[in-house]
Structure formats: C-alpha cells, structure tokens
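Listed next: structures, encoded as structure tokens.
Look at the two complexes coming up: subunit A is in both, with subunit B in one and subunit C in the other.
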Partner chain A sequence: MNNKEYQVRLSGFGGQGIILAGIILGEAVSLYDGRFAVQFQSYGPEARGGASRAEVVISDEDIDLLELIEPDVFLALSQQAYNKYVGDANENALVIIDPDYVTEVPPSSRKVFPVPISKIAREEIGKSIVINMVALGALASVSGLVGIDALKKAVAARVPAGTEEINLKAVQAGYDNAREMV
Partner chain B sequence: MNSGNNVQFLQGNEACALGAIAAGVRFFGGYPITPATEIAEVMARELPKIGGVFVQFEDEIASIGAVIGASVAGTKAMTATSGPGFSLKQENLGYAIHVQIPCVVVNVMRGGPSTGLPTLPSQSDVMQARWGTHGDHPIIALSPYSVRECFDLTVRAVNLSERFRIPVILLSDAIIGHVRERIVLPSREELTLVERKKPTVAPEDYKPFEDDGTDIPPMANLGEEYIFHITSNNYDDEGFPATNDHDIADRRIKSLYNKIERNRAEIDDVDLFMADDAEIIIVAYGSTARSARRAVMMARQEGIKAGLFRLKTIWPFPYDHLRTAAEPAKDVLLVEMNMSQLDSEIKSATHGLQTRIHGLHQSNGMLITPDQIYDRIKGLV
Partner chain C sequence: MNNKEYQVRLSGFGGQGIILAGIILGEAVSLYDGRFAVQFQSYGPEARGGASRAEVVISDEDIDLLELIEPDVFLALSQQAYNKYVGDANENALVIIDPDYVTEVPPSSRKVFPVPISKIAREEIGKSIVINMVALGALASVSGLVGIDALKKAVAARVPAGTEEINLKAVQAGYDNAREMV
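And now, the complex of A and B:
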C-alpha cells in the first residue's frame, strides 16, 4: 500500500479502549515508522457501552484530510459499532471483526477478517482489558499499514509502567493470529 | 502527551497549551467547555510544575476577570473557551481592550448559536471575535490550521498581546483543537518572546496612560511600587475617569486604533499557496484551509490554476494583501464553516476589481471536504 492516503476506522463500544488504540496507531506510524498520520475521534454523546470510534489517516506524504470520507480499513469490536459505522467503508475495504461480538455481517464486496480478538485477550493473554492491543496487532497484520516493531514501540511508550510486557504480548498475539488469515 | 520529548503526536489543544507555557503564560483561569477543555487540562497539569497558577473558576466571566487581574499584576495570562463561554466573556474582553491589558483568549469554535453543537466544528464566531463586545475598538485574532500552528500562533498571540497591550483572540475550531498530528516542538532558543514595555520614570512621575509617542503606554505591575488607577470609563493619562471630556475621548479611541493600524506590518500574516499564477484564489482559514489546500492540489493535477490565500491573522483583516493576490485572478472563492461571515470583507478588499467573488459556506457541524471545494473550483473553470 503506497502513495495514497489510507483511511482507518476503529470502532467498538465505549470502554474497550478504542480511542487509545487510535492514538497508539497514529503514534506508531508518525513517531516510529517515519510516515504521516493524523488521528481524530468522535466526541458524540457516546458513554461507556455506547458505540465509540477513532479514526486515523496514514500516508507517505503530508495529510490535509481532517475527516474520514471512505474507510479503507474498518475494525469493529461490537455489532452496534459495525452497524453504525460500516456504511461509508470503501467497497474494497478490509474489514476486521471480532466474531464473538459481530455476528451479523451482510455479504458485500469488502474482505472480512474474523479475528477472535476478545477470545485471544481472554484466553491467550488472560486479561480481557488488552482487547484493544490484540486488535492493533491484528490490524497491523491485515492492513500492513504499520510495522509491528513501530507498533510495539508506540505501545510500550503509552501504556502504564509495569504493564508493557502483557500489552506487547497482546499485540504480538493479535498480529500472529490474524497473519494466518492474510 | 509526554512532556519530556520534543517530537510528539499531539492534539491542537495540547499544542496550544504548550505554546502558551513556552511563551511565558503563568496564569490560566478557566472553565471547562467542549471542545476547548483539553487546553485547561494541560494547563492544570503543567503550570504548577513551573511555578504557574491554574484556577478553575465558577464561570466564564470570573475566569477572564481573573486573567485580567493576573495580567495587570504583571503575569502573562490566558483563558480558553468555546462559543457560549466566549459570549459570556465579551464584557470583560471589552474592558481589557479599553484599559489595554494584555491577555490571550482562545476560542475553539463549535456550532452555534447558543449552546448549539457542542462537539462539532464551526467557524461561526469570526464576526463575534471582531465585534462581540460593544464600542469602537480594534482587536487581533489569529487562526491556526495545524497542530504545529496551534503552538506557534499561541506564542504569537501572547507576543502580540504583550507588544500592543491588547487582548488577542486565538480562533481555533473543534477539528484543529482535537486532531492529533506529529509535532516537533521548537526549543526555547528558537522562540522569540516579547515582554511588555515597563515604565522607566520614577514611580511618582508615572502616568499609566500617558502616550510616549507609540500609542502603547509603558505598563507597570499593579501592586508594586507604581501606584495607579484603572477605570472602565473613558480615562485620562492618570487613569482617572474623564467622562465629559471630548478631546480626551477622541484621543483615547484614536490611540487604541492607531497602535494597531500603524503596526500592520507586524500584525498582518497571510500564507499564500500556489497563488502566484492562480486564476482561482481560495480564501480560507483554520481547518477549512486544510481542505482548501488539498483541493488546490487536486485542481493543479488537472491543470486548473488554483491557489490558496490563507488567513493566519483574521483581524485586523488584511485587505491590502488580499487585493494584491486577487487582482490578477479571475475568481475568488471564500470557503468558511459559517453562513458567509467574511463575505463583506472580501468584497471590500476587492472592490472595483474585475475579479468575481464566490462563496462556499456550510454551517451544519461538518467540515467542508476537499471534494466539495474541488467541485466548486471545477464549476468556476
């Protein structure tokens, strides 16, 4: 994926750490991968449990797009978020869903990657809270928009001291698992 | 946000707060309001670390009142708000303009009128920034279009306010305030900081508003050895009311205007992008200017000679700069997230020219996209 602006939308329900995942993706790309990223998020009336989204535009050049128009990559960690935010995704968009949460995906031309993100967090890592980190790893695999090393550096710099190891393990698990589907 | 690194991925609001601190702001009086709250959050966290003071007041009116008080006492001071709070601040803003108290008021614009669209962007306070407070008065208002510019123009706002003893408004918007971008923070050595002019006469000879020929009277710190009076009424050189003296009133109002109008070279600030040979000039500012820059590049790829005239200083309006840029062009397209607030300024700047004036305006809480602007450009060809 080169010479284009890639539009990425991360979504789920409030409390899953979607916004933080968006910030980390932007930091990974722009601080550790030598490319350009802008990140924005919805500041709607969403409360914990409601649909939440974060968006990142990634490019090799300066970015003047300050609003997502047509996502090229769409991640959904809840059915509500899927239903609410999938609509304007590109017809060739890469769609990453957690099949435990997103069960109804109407057929379309988009390529769907069902990655058991919450299950990996719960069973492989032993902490449901790292679901957003597993999701970032999966997104790195599926999209190729960010290097795993850059992603890990950004995660390590962002998460609370003492939690680096478990978060990095979560990123790697998401990356490895999704890689089998790519 | 990591306060140790100079390369960061920050929100515009965070960069604004860091710019204020870098410029020497050591007092922030605030009241939380979306989409400006992050500025107060950063100030609340960072100011105490460096001996500054953050106070969250009971309302917007008290917060600008305290900012004015801190500034009179000699501290660079700032507040940040959005439309509804900006409305509440207008009375004290006029006071600060009148009695010439430096301070910075950030307005991260959201959709209005009234409480309107609290989380959505707008550029509909541009005229309020100019004429929101009553009475004849000048104002300076700046508009950033990137995270880096949120930093830079906040520094500039502080500097201009200290230099000219006038409140400066930073007109940001909900998009620029919230977007995160990579920013390389300048080092202290790279920044030029301005301090207000202090009196050189003995305290007993100090007349706080006596003109020294620059229309910018030296300003002592209230509460120190220079004792003086300030009133919101029209005032004489000693700072006492002069409410029936036409000559003093005439001198005072003209002096307030002169200090800005005679220094336009320092204050005016526009950015031209591909405008040299442009047949179609887009006029834009803030987040809209980002879309406009993209639209200009799209047009150029199709061989259409478009260019961007971007306002970094909105007030005072740079009429002469726009006239010079617009004169060789066939069309000028004003793009704003409002119902066409700067239309009359554009027409005034281009009066008598052959250039045709057009507008693309939208006031529904949505950013005007590059495609929307490009479509209008194509329609003009």
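And now, the complex of A and C:
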C-alpha cells in the first residue's frame, strides 16, 4: 500500500451497525469529500458468530488493486474484536476504542484514543443504537480522514427517513468529544 | 484473477437495495456456504448521482489481494448501470438483466438472462421494494455461485425483524423464475 492510501478498519460485534458505518464512511470521503474510496467486508467460514468488521480504503487516486492488510486507523467496539484484529494494524496506527467495551489494551507503539462511544450514545443522545454514528464522528476527529460536513451529508443520505436528526446529533457528539483528545 | 475466484457485480440505481444485496450475497457464500468472500463498493468523486453498484468476490481460498476488474456475473437493474458497467464484464460473463429496465442490449459473447425481476416483486410479492431479493434469487439460479438455502439463511439474518417472510418469498420467486431459463 503506498503512502497515499489509508486503510481504516471498523470492528465490533453484530448489531452495532459496523457495516453501515463503513458504507457511510466510504460514501462520505468519495461522494462528498472528492476522493476515491473502496469499502469492503471480507469473510471466511470462520467468521460466523465472531467479531464484525468493515474496511474503508481512502486515496487521492483511483484504487485498482487492494491488499487486505495493515489498517492505519483501527476502531474497536468490543474486546473480542480488539483482540482479534489489533495485530493486523500498522505499527503507527491510530486506535480508537470504547473503554466500556475494550478494557484490556496492552502497551504498543500504536496511539490509543479511548472515547466513551457507547456512553455518549446512551447518555447524550439517549439511544444506544446510534453507537456507530458516534464512532464515525470520533473517527473523523481523531483521524482527519473525512470532513465532518462530508460525513454528515453521507449520514443524512443513508439513514432511514425521519432518523436524520438524531443520527447527525450522534455524529457531532462523537466528533466534539474526541476533539478534546487530539 | 485466478480460476478459483469469481467476481459478481450487482448494479442499478439508488434505492433498489443494491448494496444490501451485495452484503447478503457475501454473507451467504461465506457464513453459510463455507467459502471465502470479499464484498466491496468502490467509489470515486464521479459516482455521485450515478449508477449504484456492489461487488462480491467468491473463492474456495482465502482472498489476500483484489483486482477490481472483470466481473464473471453481472446483474443490471437499470439501463444506465448496464451501459456504464457492461464493458467491464468478462467476455464469457453471465449477464442478468431486468427487461423492464434494460431494454437495449447489444449482441455480445456474454450470455444474457432477461429475468422480469421488478415485475415479480410487484406482481408476485406485491412489494416493489423486494426487487433486490428477487434479484439475489435469480442470481443464485443462473450462476450457481450460492446455494438457495445459504442465501435464505443470510437474508433472514440481515433483513429487519418482521420482514423475513416476505423477503424469503421474494428470493424463492426469483430463484424459481430464473430456473426455467437455465
């Protein structure tokens, strides 16, 4: 992977909306931020019942070939996902975790951002289901890979009609909270 | 791409549920059919407002590297998507079209299956929104790349609670209808 490509891995467990978050991030950077993106899920027979994950590769140039390795940004919303995937992440990766779900983080060269994502969803927004949107906002803050405006446009275009406001509020809350750590 | 990998491209316009269909196909072949799959969307700045597409690569072996080219199976649910993407498809590709949406199909070496996908959704199931599920059933019939049982398990696991029955009926209807052409 060359210097102009960034790979983001989002992970957690089923029901947290990880794949939707990946789709929205891919659409945000490309349709609204003017870059190229490939969003993918890879699965093997062992994936059943395990951790859920989604990947987004972001580039200033068209992407013809994908190597399915070495995330530069890694989000983990469960301990199981963290344990399973952290070893794949680049040595200098930014790692975003929810400290309510990921409590064991061995020291490494990677920079870890503990953002209380599920707590923000539950207490600031009042809906645990928006955890994926809070996570996207936090990721925008920490990584700078997508603009908050582009992200919000992609969220508004992709979530069910009538839920835009609460989802956008969740994105902003994640963004603002993580902003304080950067 | 070696002989053991098959690439499927699903295409149409926004609102037809193309990306959800791709996710379900990826989950069906891997989680329920015991193979490896990568499901992806690629976007550039030009994608906005254009045709919608999703890709699934299916293999008997783990997939480490993806070349984003040459579908072996190509589904088009709009004339715009057909025109934009048919040139990428393998010369021997299986092409599944909805003849209500794709009316101009120049002769080529590719084998074309016209399946009245939207008509089946509307008239047999009574819900146009299940067009993507009818398409998945037709694709299973025509390509043999996924078993109907695996496909149904993946559909049931992914669609909103309470909608399983109508979605499964749509998958079966697409499968049965296309079966007659194979």
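Everything below uses one rule, namely that the second predicted complex is superposed on the first by the 169 of 182 C-alpha atoms of A that agree within 3 Å, B and C clash if a C-alpha of one lies under 4 Å from a C-alpha of the other, contacts with A are read in each partner's own complex, and residues count from 1 in each chain.
Note that in this section a residue touches a chain if its C-beta (ideal position, glycine included) is under 8 Å from a C-beta of that chain, and two chains touch if they have at least 3 such contacts.
Just so we're clear, the structure is a prediction, and the values are computed from it rather than from any experiment.
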Mind working out whether A:Asn90 is in touch with subunit B, subunit C, both or neither, as first, second, both or neither? neither
If you stack the two complexes on chain A, which partner ends up touching A:Gly34: first (subunit B), second (subunit C), both, or neither? second
Check whether A:Thr163 is in contact with subunit B, with subunit C, with both or with neither, and answer first, second, both or neither. neither
After the superposition on A, what does A:Ile19 contact: first (subunit B), second (subunit C), both or neither? second
Tell me which partner A:Gln80 touches in the superposition: subunit B (first), subunit C (second), both or neither. neither
Winner by number of subunit A residues touched, once subunit B and subunit C are compared: C
Interface residues of subunit A shared between complexes with subunit B and subunit C: 23, 26-27, 30-31, 36-41, 43-45, 63-67, 69
In the complex, subunit A touches subunit B at residues 23, 26-27, 30-31, 36-41, 43-45, 63-67, 69, 157
If you look only at subunit B, which of its residues touch subunit A in the complex? 2, 7-9, 34-35, 119, 174-176, 178-182, 287, 290-291, 293-294, 297, 366-367, 369-371
Once bound in the complex, which stretches of subunit C touch subunit A? 19, 23, 26-27, 30-32, 34-45, 47-48, 62-69
